[in-house]
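Single-structure report; data block below.
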Amino acid sequence: SDTGQNDDQSQDQSADSGNGENQQLSGQVIVDGSSTVYPVSQAMAEEFKKQHSEVKASVTSSGTGGGFKKFVQGETDINDASRPITPSESQKCKENGIEYVEFKVATDGISVVVNQNANWIDSVSKDTLAEIWGPENPPQKWSDVKSEWPDKNVELYGPTSASGTFDFFTENIVGEEDSSRTDYQTTENDNFIIKGVKGSENAMGYLGYAYYQQNEDNVKAIGINGVKPTVESISNGEYPLSRPLYFYVNIDHLKENETLREFVKFYIENADGEIIRQVGYVPATESHQNDLMNKFENVMDGNYEVNYKS
Amino acid sequence: MDNRLKIKRTNPKVLKERAIKSALFSCAFVSLLVTILIIATLLGDAINFFTEVSIVEFLTGTNWSPSMKPYSFGVLPLVTGTLMITVISAVVAVPLGVATSVYLSEYADKKVRKVVKPVLEVLAGIPTVVYGFFALTFITPVLQTIFPEISLYNALSAGIVVGIMILPMISSLSEDAMSSVPDDLRDGGYALGASKFNVTTGIVVPASISGILSSFILGISRAIGETMAVTIAAGRLANMSVDPLKSIETMTAAMVEVAEGDIAAGTAAYDSLFAIGLLLFVITLAMNMVSQYLKSRYKEKY
Amino acid sequence: MPNINVEEALAGDSANVKSFNNPIIDVENLNLWYGETHALNEITLEIPEKQVTAIIGPSGCGKSTFLRTLNRMNDRIPNVRIEGSIIYDGINIYEGDIDVATLRKEVGMVFQKPNPFPKSIYENVAYGPKVHGVNDKTKLNEVVEKSLKNAALWDEVKDRLDASAMDLSGGQQQRLCIARALAVEPKVLLMDEPASALDPVAMSKIEDLIHELKKNYTVVIVTHNMQEAARVSDYTAFFHLGELIEYSKTKKLFENPDKRMTEEYITGRFG
Amino acid sequence: MPNINVEEALAGDSANVKSFNNPIIDVENLNLWYGETHALNEITLEIPEKQVTAIIGPSGCGKSTFLRTLNRMNDRIPNVRIEGSIIYDGINIYEGDIDVATLRKEVGMVFQKPNPFPKSIYENVAYGPKVHGVNDKTKLNEVVEKSLKNAALWDEVKDRLDASAMDLSGGQQQRLCIARALAVEPKVLLMDEPASALDPVAMSKIEDLIHELKKNYTVVIVTHNMQEAARVSDYTAFFHLGELIEYSKTKKLFENPDKRMTEEYITGRFG
Amino acid sequence: MDVRSNKGDLKGQIFLFLLVIATCVGVASLAILVYSVLEDATGWFDLAFIFNSPSRFPEEAGIYPALIGSIYLMLLVAVFSFPLGVGTAIYLEEYAGQSRIKNIIELNISNLAAVPSIVYGLLGLALFVRALNMGRSLIAGALTLTLLILPIVIVSSQEAIRAVPDSLRDASYGIGSTKWQTIRKIVIPEALPGIMTGTILSLSRAIGETAPLIMIGAATSMYSAPDGIFSLFSAMPLQIYAWVGQPQYAFQEGVASAGILLLLIVLLTMNSVAILIRNRFQR
């Protein structure tokens, strides 16, 4: 992505949304939540700010859970989430009289990566992955998994158990959320998974698609059940570890705060395009984007009922 | 007239002195208030936590796994992790810090002191995140050449980096304490034919021991409470081992993990953050009581 | 009511001092500047071994400064510049690699302002011997007791050797500092107004001590007290504004000074 | 060579002192303990206004301690316990709410060890007046000059008022501290061995000053120097081991003391 | 004896050697750190970086809003923590005597020094952001950091005040100064170098802290600079933290390093003021 391209694009966008009479927005928007979604919100805020220079947009990444803790108190306008809201969080909103609406903005594909030079592996089945990462009798040597694999120690890198990535991976691969072997290197910074895997031919790790995409030269993503993570395979759901990313908006704030309204609209309008791709995620399809827009309009028209989980 | 010296409560000078005293007391009171508020902040959720996890399991359990099945909330591995970082960083920073302060205060000439002291103080201001990366990308690789079996994330390099971080706290505050020892005392020593080494270790250091101990307490306290650097560099593997070459998890790292991860509030995993905070508070309180006692025994006054 | 008779104290011959057979310290053309201030100006004098030399002169004339040059305590003050030479025991102490610690062990000093260490009374006195390698407890106890006795302090503190030296009275602190200096058994003892804070009884004990010390040691003493100088010293040097005005046998200097200035000074008070 | 004749200095009548018409300070049954140490034992004495009272006694007998009780400087030492009363200007300064700052402004003090502030010479002297509200620059200059002159220091420092007081010689520092105390014009001036570090010339100037001060001020002076006590004071109190042994007119005390102990002490040196 | 023999001091030579080595270790650590930062920052650190807002394109990314946020933050922290910390120290050293309350407060302060910064974040969130309704404003962030560094300011000031010789206080009281006059004119100027050291160390700590600010919800990215103490804000370490976590190398290394470099520059500028004050008062 180069800069010139971006300039053109932002001009396009101002043409898109600069049609309102509300030229001089000057309010503020507070976004908090998942560090996975954070780059998306950050990019949206950046572009939005280019059109509305007086707006104050605060984007924080304090984790999905930490963000929801504030969201359920009505302290933030938007909460980014790398997982759906939990029933308890939803109930807190209900108790506090917070009405919210969920938007699924982008899709991530959790990528399993190995060293560039690891010629012995190219694709694995979900079951094999489960065997490697599962809690029961975790293999110590690769040859314990498959006899043709090298007789070398298994070195694993992954995100911490507090992250949404971990939850999603364990639920979809191991089969039970939060169930995993424990003897692997954990970090909350995905760049260090890359570093670890890059450094050893016997290493394997999993992380967000954005990180893989930036490091295609450094590590190799292996296929799962034969499907490799690509924009295509993630967006059409073919890739087994496609993971939706969300943001939640406080409806009261949405109604009161014109700036927020414009921001959310802007966010949805751009959910299908370049901005999302630039930060390394897979954008929404056109039809999905239309759904989001309809949902937004329904909320604004009052045709929307919050479906609290329990 | 004959009551001139008697303080009248309305005497403006007296009122002023009293007002100042009250104002200063209020300042001191703030710190008490902060403690009360911290306890209050932690207690609510910590109590929630203890309704789900028994306090005995928490304090005696040897397995910490709040968000990985099987869930388990034994805090001991975190305590040993914190202890290890504290000990390693103290082993690095205390001798280096004291030696540096002795050098700057007693040996270095004025120009060197004027440059080196502020230079070292810069170490105190480097963002802790940066320290974390420094440990991972510089210290660990160096250590790897010495201990090939060392983990990428390990207690040793995290401890070293925390030691570097608290170094200026110890060196600067100790240096201040030593340089405020009156020169008369040094003269007294030198005139007896004591060498510089003797005067420094036998007179200056004992005379400034209160300040030196304070600097230890502040430095080591920061090591105990240090968060980001260890979170990044020491790994996230809560294990009871005391092998500094392995990954560990400290109490503070566990707290950040919960606070910045995606775990939902209200779960035991989330509430454990507050329980750990409270426990850490109790542990440091006990340590401080001991050190206050020790300090009161080694005070020299001039 | 006693009459103080200085004349009596000044027995001895009245020859002027130029040089000694065997001076322990030989100061030649000594100049000292504090920054711009020329505090000692071309001082030349020899200090005889096993004698008491007194230095007198008005406040600010450079007595303390001079004393401190003799064991290089001036090294410790920034911006001091020294020219000239001081030969101690055959060696110019301002030249080449001098082991100042050994120098100071041999040329000990008691300061004008008492400066006890913030330690116990015992530790103050034992510090010197310990530094010089005496670790034997009984030996130390002996040294401490003997030094405190010599400094006329033992009776007052023998029951509280562990008390802080900082809680002593001014005069007690001064005697403690004397005891501390004695404990390392220097060959030359420099005393900067050791008796100024002392009452007559303590003072006379210190003077007795000085007489005693003379048998084995060399003493250089700064004092403002003419009688003391007269009583205790064999030779007296009179300083004025950084210059050595007159230096001769004590008796001579007090009875028949060469210089008008000396006469004015020593009689200025009592004339 | 002068003879020092104490007799001459002790002119005046020889009545013993019991009480004065109008004492400025009246000490009654004063006891003081440092922790366990009983440092002052049932001291009762009256200090006459506009007279000079000398306090003598062996080192460690409680002279400084006593002096410090008179303006409550002992408040500052931990573990001090005081019983008895001290009436100053009609008020018991150990009772009720006393404005110690005003007390100390009126009952000023010069300490045994010179303790100049680490500021310039000028600032040292100007400190007191400034604290008491004098801000006018010319007024301050006047006060500084006058005080330094009175303390016999002006000539030595007039060219370097901005230099640090810490670089002065011992005797200069002591005179600076006297100047600093004079600058606030106290009614009573407590001097703890003010002349001990002074040479005869400076000492005589200070003594002249004390004579001068007497016209308007009350002076209480601690000294080890019998001649000085004899020359300068009107009344003398002799302390021993925390007790007031004898208190009478100076002439009486020196010529014809009531107590054997007094006689032994004052003659002990000169007999 | 031979005063010329210098061999007796071998111990002293070894000692000095060790001291120099120790000092060098600290200096060398800093040199390595700064060198690696500089190396990564070259090419990224320029005026545009300082005056731009953050961006998802590394070439355009700047730190201006966070820079201004940090500067405001430090000014506020200094304004809050200096009087509070020094005031507490004065109370404890000059007024409290040997009382029980003094022991309790002192114990409490050294205990606060060990409370993890994240807990201060929790406290700031509960107290300033919520209870006092300050929101995620600069002032809430400054107050949170103030509490965090208060123990350092207090303890170091206390030590500095304690080291002032009592004879100076005697001298001041002896001419009738009140307690406060003595403190203000004699004790504080004498203790100032030590107090400044504490202030330098604590402000340094404050400027590099991330966790508590994230806890109170300060922005990791802001696109406009704060314009008042109740304004939303970001701070440099937060922005750096965000960059370091980005997938692109250009952010992790270049842009983040440029941010660190700028932070060090700000830190040095801030400290040099304090250092000037310290040097002026140091004897």
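Labels for the chains are A, B, C, D and E, by order of writing; each one numbers its residues from 1.
Criterion: a contact is a pair of C-beta atoms (placed from the backbone, for glycine too) under 8 Å apart; a residue touches a chain by one contact, two chains touch by 3 or more.
Please read these numbers as outputs of a predicted model, since none were measured by experiment.
A.B. asks: Quick check on the contact network: minimum steps from chain D to chain E?
C.D. replies: So the least number of steps between the two chains is 1.
A.B. asks: Out of B-E and A-E, which chain pair has the most contact pairs?
C.D. replies: Pair with more contacting C-beta pairs, B-E versus A-E: B-E.
A.B. asks: Centroid from C-alpha atoms only, then distance chain A to chain D, rounded to Å. What do you get?
C.D. replies: The answer is 83 Å.
A.B. asks: Using Cα averages as centroids, what's the distance between chain A and chain E in whole Å?
C.D. replies: 36
A.B. asks: Mind checking the centre-to-centre distance between chain B and chain C? Centres are C-alpha means, answer in whole Å.
C.D. replies: 49
A.B. asks: On a C-alpha centroid basis, what's the spacing between chain C and chain D, in Å?
C.D. replies: Centre separation, chain C to chain D: 28 Å.
A.B. asks: Quick one: which residues in chain D touch 2 or more of the other chains?
C.D. replies: Expected reply: 101-103, 113.
A.B. asks: Among the residues of chain E, pick out those that touch two or more other chains and give their numbers.
C.D. replies: Counting only residues that touch two or more other chains, chain E contributes 8-9, 165-166, 178-179, 214-215, 244.
A.B. asks: Residues of chain A that contact two or more other chains, please.
C.D. replies: Touching at least two other chains: 35, 61-62, 66, 189.
A.B. asks: Help me check something: in the complex, which residues belonging to chain B touch chain C?
C.D. replies: 110, 182-196, 198, 202-203, 206-207, 300-302
A.B. asks: Spell out the residues on chain B that touch chain D in their complex, using ranges where they run on.
C.D. replies: Interface residues on chain B, with respect to chain D: 2-7, 11, 13-14.
A.B. asks: Can you tell me which positions in chain B touch chain E when the two form their complex?
C.D. replies: It is residues 13, 16-17, 20-21, 23-28, 30-32, 34-35, 37-38, 41-42, 95-96, 99-100, 102-104, 107-108, 114, 116, 118-130, 133-134, 137-138, 164, 167-169, 171-173, 176-177, 179-182, 195-197, 208, 210-211, 214-215, 217-218, 220-222, 224-228, 251-252, 255-256, 259-260, 274, 277, 280-281, 284-285, 287-289, 291-292, 301-302 of chain B that touch chain E.
A.B. asks: Which residues, counting only chain A, touch chain B once they are in their complex?
C.D. replies: Its residues touching chain B are 34-35, 61-66, 68-69, 72, 81-83, 86, 88-89, 92, 135, 160-164, 166-167, 176-180, 182-183, 185-189, 192, 195-196.
A.B. asks: Give the list of chain E residues in touch with chain D in this complex.
C.D. replies: Checking each residue of chain E against chain D gives 97-98, 165-179, 181, 185-186, 190, 283.
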